[in-house]
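Consider the two complexes below, in which subunit A is the common component and subunit B and subunit C are the respective partners.
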Partner chain A sequence: MIIPLLKVTNLSKSYDNIVGCKNISMSLYPGEVLGIVGESGSGKTTLINCLSGNLEPDRGKIIFNINNKETDFLNISESEKRKFIRTDLAFVHQNPRDGLRLNVSAGGNIGEKLMSVGYRHYGNIRSLATKWINKVEIDKSRIDDLPITFSGGMLQRLQIAKNLITSPNVIFMDEPTGGLDVSVQARVLDLIRSLVNELNLTVIIVSHDLAVIRLLADKMIVMKNGTVIESGLSDQVLEDPQQEYTQLLVSSVLHV
Partner chain B sequence: MIEVKKVNKSFTLFNQNNAKITVFKNLNFEVNPGEIVALKGPSGIGKSSILKMIYGSYIIDKGAIIINNKNIATLSAQEILKLRKTSIGYVSQFLKVIPRISALDVIMEPLLNSGDNKNNAYKKSIKLLKDLNIEKNLWHLSPLTFSGGEQQRINIARGFIKDLPYLLLDEPTASLDSRNRDIIINLIKAKSNRGVSIIGIFHDEYSRKKLNVREIDLNIETKH
Partner chain C sequence: MRKTNNVIKIKDFKVDKGLPFDQEYNFAYLDENTKKMIRRAIIKALCIPGYQVPFASREMPMPYGWGTGGVQVTASCLTKRDTLKIIDQGADDTTNAVSIRNFFKKTSNIKTTEITEKATLIQTRHRIPETPLKKKQIFVYQVPIPEPLAFLEPKVSETIKMHSLSEYGAMHVKLYEDISKNGHIETAYAYPVKTNDRYIMDPSPIPKFDNPKMNNSPAIQLFGAGREQRIYAIPPYTKVKSLDFEDYPFDPFKAEHACDICGSKNTYLDEIIVDDAGNKSFICSDTDFCNKRKNK
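For the complex of A and B:
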């Protein structure tokens, strides 16, 4: 019996009278990619913000089980929580400018992240950073340049490198290809997919683009008005949706 | 062995006046190791639906589909993922891949995902590409730029690269010329000789005959 890496039970969060997400329960296993879809305002971002420690939920349980060590995420001290977020979780923002410091060099952005988990040797940091710059297909001659000189696609790849370099156990991605034009989207998708396979990453990815979910996610959940209305294998939910709203969503996709 | 037991399947189309389409009632059949079963019947009768139910892409309303002593109808998502990885190969009608990934990488991926080493996966994939008569200058290009027949062969390669005990084939010989069709037929035969249980949809009499299939006529099986 495999133990889920992440188990969420009856998670709820509201903003005054407005429901953010309500009674969410789900499990994620090591190496799985979970897609979250739903219209804007359906609670997708609230949910991943609660799971990644950016928001404090009102009720519910979040249990991480990493290397047989159980972490009751909502019942640990603030300092333990910060350390856990730093070492075990990563968050890739839709807008790479939210996840990077633009006035610090590309290498510096990555190096900072390594230092936050205890790396001190400059030579090691530099060589790891170079390796990752290369891995996300940025020319290593750009390592000392400021991110403001990078294109949108490069910025997103740099943000991905920064997040993955410390080998986090769960990676959250909020519309990682959302702000990119289509040709760049394919490249970033390809990159995420190959890294997921190569490093056996566990990922929770929010996207309104069903094609992105289909190509990246093993499992998916569909949200509406703050609740999960349907969940299952991605191909099953997309090919044989059981709920009226999911059918509407799937049938609304334009095919080129 | 694959056992399909008393399976019912229908679709409810909420956005089209809640129309309910019943595809099967009380569908029963089984496929033994080494056997090739061909699903037969006119377009729309549900041949692909059967493959999708076995693969777990379609929900089973009622009844059971047993593979490796496990009932697909009651497995959780991660149990189905695991069963697919270890046991079931599926060749869909059309190739679905991320743009930019080369044909070689597309074929190697299932091996690498199961922990095979890169060198081994590379060798196996190259051999299959050669067997399938895919020209060398295409190996490092994205299959999305290929002709229909070439795409179909890449799709088959991806489904055949691993040694899995069950194979589901949705029109594997469609859109192929006669020479390439014969190549695929021989690959399917080789799988069958190794004891793989195969369910397929074959549009042409020639393939069915060459493969010595057992036909299941859905016109008769689904009369209700």
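For the complex of A and C:
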């Protein structure tokens, strides 16, 4: 039997009287890509922020099981939690400017993650950073340039490199292609897809774009008003939506 | 009006070398309650080397940036038996040093000296003397920005958390940037150190040449930041290590010259432009050390 990497039980978070997400239960298995879809305000971001440690949920349980070691994410000390987030989790923001230091060079941004987990050899940091900057299809001559000189697509690829360099066990992506134009979006998606296949990554990806989910996600959940209304294999949900809202969502996609 | 010993009488203030002792001031300017509060902060700081202790910094009769933190620490440590030395950039005769020395002469009537060995309490801005510090000396630094993480993380609530959890990985980013831009670690002053294998500390804007002098020093080293309201300390014989990379070890850089006055080759030098043609002269920044060596 395969043990889930992440098991969430009855997770709830509200902001005063406004519901963020309510009674969410789900599991994520190693090597799986899970898509979370829903309209804006449906609680996608609240959920992903709770799971990644950016927000403290009101109720529920989050259990990570990494290398047969169980971590009760909501009941560990703050130092253990921050260490866990640093070494085992990664978060790709919608706006790469939130996930990068804009006054630090591209190499410094990628290297920071390594230095924060204990790397103290400049040569090693440099060569790993160069390897990863190549991997995300940025020319390695740009390694010492500041991110402010990069285009939107390059910034997003740089952010991805920064997050993947320490081989995290779970990667959270919040609308990773949100602010990009279509051709750049395609390139970033293509990159994410090839990295997911190559490195067997476990990813939770939030998007309102069903095409992104169809392309990347093995499984998906549909959220509305803070609750999960439908879940299953992506193809299944997208081809044969059971809930009225999901049907609406699928039929609202524009076709060129 | 009730008169207490804390009342300050404002007089015509003349800056003059021979300022007389003014008995209207409490000893060393600060009132005794304030000194007690600052001494408590100092004791706490000594117990946790490198940890920044908040304190209720007072308004001082000088602007922020002129050493209000250092002056408060000095005032709280001063006793009537002390001999005080004040230096600014290594020199005893620069504006900041002269005015602070006069301030303490006027308010506490203690002995002052320019000779490092004779001083029991030394307040400094930007240098550690070339003459090694010794047991029973107190060495006070003036600190503009006490938080070494400030350039990385502007939120104080977050830097406090980073310190408490020893999350210092990002500190090396600055050094990484230096090497990738210049091929070596360019940071020349305020070079971050790790104190007692625990807290990362800003040693105030001393040149990195002076960093090794902090390590295992027999003197008590106190740091006062008046505007930022922080005091931190290094107790005697404490390990102080400058941050570096395994393949780029710490290098206490100095100009490749000998002093043009005393000929010393292993002291920190000031570079001085001496004429309109751009000719330069290199002289010791520590005036006391240079004078002594010259007169030998």
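What we mean here is this: the second predicted complex is superposed on the first by the 256 of 256 C-alpha atoms of A that agree within 3 Å, B and C clash if a C-alpha of one lies under 4 Å from a C-alpha of the other, contacts with A are read in each partner's own complex, and residues count from 1 in each chain.
Note that in this section contacts are C-beta pairs under 8 Å (C-beta built on N, C-alpha and C of every residue); 3 or more make two chains touch, one makes a residue touch a chain.
If you're wondering where the values come from, they're calculated on a predicted model, not measured in any experiment.
Enquirer: After the match on subunit A, would you call subunit B and subunit C a fit or a clash?
Expert: Partners fit side by side after overlay.
Enquirer: Touch check for A:Y29: first (subunit B), second (subunit C), both, or neither?
Expert: First partner only.
Enquirer: Could you look at A:S79 and tell me whether it touches subunit B, subunit C, both or neither (first, second, both, neither)?
Expert: Only subunit C is touched by A:S79; subunit B is not.
Enquirer: Regarding the shared-chain residue A:G107, is it in contact with subunit B (first), subunit C (second), both, or neither?
Expert: second
Enquirer: Can A:R120 be said to touch subunit B (first), subunit C (second), both, or neither?
Expert: Once the two structures are laid over each other on A, A:R120 reaches subunit C alone.
Enquirer: After the superposition on chain A, what angle is formed at the C-alpha centre of subunit A by the C-alpha centres of subunit B and subunit C, rounded to the nearest 10 degrees?
Expert: The C-alpha centres give an angle of about 160 degrees at subunit A.
Enquirer: Between subunit B and subunit C, whom does A:S251 touch in the aligned arrangement: first, second, both, or neither?
Expert: first
Enquirer: Return first, second, both or neither, reflecting whether A:D144 touches subunit B, subunit C, both chains, or no partner chain.
Expert: After superposition on chain A, A:D144 lies in contact with subunit C alone.
Enquirer: Quick check on the superposed model: minimum Cα to Cα separation from subunit B to subunit C, whole Å please.
Expert: Superposition on chain A places subunit B and subunit C at a least C-alpha distance of 34 Å.
Enquirer: Take the contacts of subunit A with subunit B and those with subunit C, and give the residues found in both.
Expert: none
Enquirer: Flag every residue of subunit A that touches subunit B in the complex, lowest number first.
Expert: Checking each residue of subunit A against subunit B gives 2, 29, 32, 186-187, 189-190, 193-194, 197-198, 214-215, 218-219, 231-233, 235-236, 239-240, 242-244, 247-248, 251.
Enquirer: Provide the residue numbers of subunit C that touch subunit A in the complex, in ascending order.
Expert: 152, 161, 165, 167, 169-173, 176-177, 179-181, 245-248
Enquirer: Going by the contact rule at the top, pick out the subunit A residues touching subunit C in the complex.
Expert: Interface residues on the subunit A side: 78-79, 82, 86, 101, 104-105, 107-108, 111-112, 115-118, 120-123, 125-126, 143-144.
Enquirer: Looking at the complex, which residues from subunit B come into contact with subunit A?
Expert: 11, 13-15, 52, 56-59, 77-78, 80-81, 96-101, 109, 112-113
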